[in-house]
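First chain A sits with chain B, and in the next complex the same chain sits with chain C.
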Partner chain A sequence: MFEYCSDPSSLETTRWFACYLTNGVHMRFYSSFLTVLSLLAITAPVALAFGFLGAMASRSHLLPLRALGKLYTSMVRGVPDIAFFLFFVIALDQALEWVNHQIQCPDWDEPIRQGANFVVCQAAKIPLSSAPQWMHEVYNYFIAVFTFSIVFGAFAANVLFGAMQSVPHAQIETAEAYGMTRRQSFWRILVPQMWIYALPGLSNLWMILIKATPLLFLLGVEDIVYWARELGGSRTSQFAYPHGDWRLWYFLGLLVFYLCFTKVSEVVLGRITRRLSHGQATMGGEAQRKAAA
Partner chain B sequence: MKKLALTTALVVATAGTAFADGHDRVIRMGTEGAYPPYNFINDDGDVDGFERVLGDELCARAELTCEWVTNEWDSIIPNLTSGNYDTIIAGMSITDEREEVIDFTQDYYPPTASVYVAMEEGADLMGGVVAAQTNTIQSGYVAESGAILLEYATPDETVAAVRNGEADAVFADYDFLADIVAEDDDLMIVGDPVPLGGGIGMGLRETDTELRDAFDAAITSMKEDGTLNALLVEWFGEEIGQY
Partner chain C sequence: MSCWETVQAYAFRSLGYGERLLPRGDITLCEQITLIGSGLIWNVYFGLFALFLGFFLAVALAVAKSSPRAVIRKPAEWFIFVFRGSPLFIQFFLAYFALVNLPEEITTASRVIDISWLTDPFARAWLGALIVLFLNTSAYSGEIFYGALRSVPKGDLEAADAYGMTGWRRFRRIVFPTTMRLAWPAYTNEAIFLFHATTLVYFSGFPAFRQQGDALYYAQYFADRTFNPFVPYPIVAVYFVIVTLIVITVFGMINRRLNRHLPAARRQRVRYRPNLIR
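This part shows the complex of A and B:
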């Protein structure tokens, strides 16, 4: 990074740290923060969409659809996250490769499962083994996003289902009295009003999602916790920057990062709550009305 | 992101056609990246160490295109069998238990002793708490020795456990611990060295016999012309056993 970094062993403390904190591994550490943030940015809306679909399915009048929605929420919610992550990611990966294998190599005569081995033809590998490493990482990343979305979608579905039930029934009846169809009253009356009821649950989920990102490591994505442990471990003089066991400091850094991040989230969520309470028949909305009057 | 997905699709498509003629297989070399001097992530963020140099040379001799990937030690065998990479080159000792699940090449690192390292000479090695990395021959040995086994996911954590006082001693390969002991006045090698394992070899899927033969031939040629010995001395010093 800096010119004077060519011989780290001769540097005084400040410069040593300037070089140490900007070396190649640290750059990968810093970029893993972006990985985590982007995961949150993609997962949150996708999980919300899954949740919305799940909630809609759960209150559907069609039995199969309702059963499907209920099955989704209760099954995913009932399995520990780690078990689900470990199972689902391998299963999904193998399922994709199996399907691809059937398409790409129809003439293949060897069995795919050979004892512990899962062997598909080379052309059916996802991504291809000849693909550069970054493509493998991108693939792992999107598998991770998808898995997070499914898990958190199930929780969101339950929250949204509860919120939809919480909207005062009189509102729906009034909508029907005005001659709105079921679909119209759902989109025009129910959905705009349900968010204030869903928000406490959703904000909880968001916080849990933030804190669950270290699970990324289980899915083969090198996240901030992986790098903190890796960088904090003691280094002999085989490395250019030898040091003792600094894991404490690295994990302290992560602690501060997560605390700041959740604090910012709380502030933003507080603002959204105030906004959504406006004009609602809830205690928050009532308080706002009285304060203005 | 859309653009990225598009280029990804494009690259997949072109890579697919390139592969169709069968010469373009890239061998993915799986390693742990946390076991200096065998393999580690250096300060630039790349895989480095004895096995990196060795692996690159083997690939060159076998005329293979190789790419390095890292994987947690704990899941390094399952991820090989499920096809995430094609070889394990991670200081893995050849043992009968592992032979049942995967295949090994011949050894490229001779059988060497494992040692105990502790903070004091009189540490209780047979009845005290001994740290070892999960799923290693050392952890298996400690479990049967009568000592209380304390397992960790990474080698570095096993040494940290001794420094913190959580364990009385750590049990690991001599060449891993030697460098650490040399630079830490508090730590010392205690007790007698224990010969374990049948040397270190490359692990491959049992179905990948052609690839195993290619690497076997490359290792043989390196043993014959003395380059492997030179490499061993360069990384592990003069005391290392040679071929």
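This part shows the complex of A and C:
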């Protein structure tokens, strides 16, 4: 980074740290923060969409669809989410390879599960074993994002279902009295009004999602936890920057990062809640009205 | 090996009794169910102790946070903020490295005194992780109790004043029971998710000493061995659904007792509110 970094062993403390914190692996550490942020940016809307579909399904009049929706919304209640994370990563991977196997090698006659092995033909491997390393990393990342979206979609479905139930029933009855169909009253009356009821739950969910991001590490993605462990481990004098076991300090850094992140989110979400409560027939809206009067 | 022999060999494997080697080669369903159930002992241990000890600290934190004096209020606020604002996963890592590094520093600094007999248990999951879970659940429950403490009806306090109750007596007989009654539904959820959070322990730095892990640790072992996630993880799921149902039953009984003086329409029902990964 700086030109005086060519011989780190001769530097005094400040400069040594300036060089140490800007070397190549640290740059990869900093960019892994972007990995985490991009995970949040993709997962949040996708999970919201999954949640919306789940909540819609559990309100459906068709029994199988409703059962499916109920199953999806209740699957996260009794079971630790980490179990889902560990499960979906392998299950999704195997499902994709199985489907690909059926397409690519239709005349394959050996069983896919052979004892403790899961064997698909070479052409069906995802990504191909000849693919470059970055393809594997990108594939792992998207499997992880999809897993997060499924699990958090279930949480969001819970919240949105509750919000849809909380919209005063008289509103729907009025819509039907005006001759709106079920679909029309859903999209024109229910959906616009449900967000204020969903907001406390969704804010909570956003905080949970932020705090779940270190679990990316468990899903095999090179995220900030991975790099903090890597960089913090002690380095002998063979390395350019020898140091003791500094993992404690790296994780302290991560702790501060998360504390700042949740604090900022809390403030922003508080503002959004206040804005959306304006003029609503809820406790928050009533409090605003009284304060103004 | 028959299934009963498997149960004898692995039922207490997670505590270090029975067969030393984990099953390998052809893994039967019976082995999976037994060993994962054996790991569940650790989840229940962490959950029960953290919940029990955390209850007292949580009450203290809630009272401290609602104190008018900043000297008492500020530390409680910061404690709750730090533990609720950061991921439990990071807290585990941080605690593990702190508990491993600090004793080493002290030992190298003093050279003479060997304190490893004192500090070693802290670097092990059974104590180190329990401390983290205890502090973490205290912070979450403390916030729940604080919210409930603030919503104790004004009329109750005025009535207490009218009877001449003050200080400790008023707290013990009026404020505390009402706080518990108001907080209980949310506290039930906290208890459920504390049990779920115990599955993080063996994935977060704390090593499984001689492969004595919790339910999810063994489930992952089997999933890695058989390359078939469709058996071990559903087993974990069934075990945890049972634990969740037991927690709901026990807490529901306490809830009924806390609400027994109220007319049926004003009683609070326990409702599911997610407060999941921490």
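Following the convention adopted for this analysis, the second predicted complex is superposed on the first by the 283 of 293 C-alpha atoms of A that agree within 3 Å, B and C clash if a C-alpha of one lies under 4 Å from a C-alpha of the other, contacts with A are read in each partner's own complex, and residues count from 1 in each chain.
To be clear about the criterion, a residue touches a chain if its C-beta (ideal position, glycine included) is under 8 Å from a C-beta of that chain, and two chains touch if they have at least 3 such contacts.
Note that the structure is a prediction, hence the values are computed from the model and not measured.
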Touched partner set for A:Leu128, first chain B, second chain C, both or neither
first
Counting only touches as set out at the top, which of chain B and chain C does A:Asn117 meet: first, second, both, neither?
both
For A:Asn204, select first, second, both or neither according to whether it touches chain B, chain C, the two together, or no partner.
second
Contacts for A:Val76 in the overlay, against chain B (first) and chain C (second): which applies, first, second, both or neither?
second
Quick check for you: in the superposed arrangement, does A:Ser9 touch first (chain B), second (chain C), both or neither?
neither
Once the shared chain is lined up, is A:Thr213 touching chain B (first), chain C (second), both, or neither of them?
second
So chain A touches chain B in one structure and chain C in the other; where do those two contact lists coincide?
90, 94, 115-118, 229, 245, 247
Across the complex, what residues on chain A touch chain C?
76-83, 86-87, 90-91, 94, 113, 115-118, 155, 158-159, 201, 204-205, 208, 210-215, 217-218, 225, 228-229, 232, 245, 247-248, 251-252, 254-255, 258-259, 262-263
Which part of chain A faces chain B closely enough to touch in the complex?
23-25, 27-28, 90, 93-94, 97, 114-120, 122-123, 125, 127-133, 135-136, 138, 220, 229-230, 233-234, 236-242, 245, 247
Complex contact set, residues of chain C against chain A
26-27, 81-82, 85-91, 93-94, 97-98, 101, 192, 195-197, 199-200, 203, 216, 219-220, 223, 225-230, 233, 236-237, 240-241, 244-245, 272-278
Note: in the complex, chain B contacts chain A through residues 4, 8, 11-12, 15-16, 18-20, 24-28, 34, 36-37, 40-46, 65, 67-69, 71, 78, 81-86, 101, 154, 156-157, 159-160, 163, 179-180, 182-183, 205-207
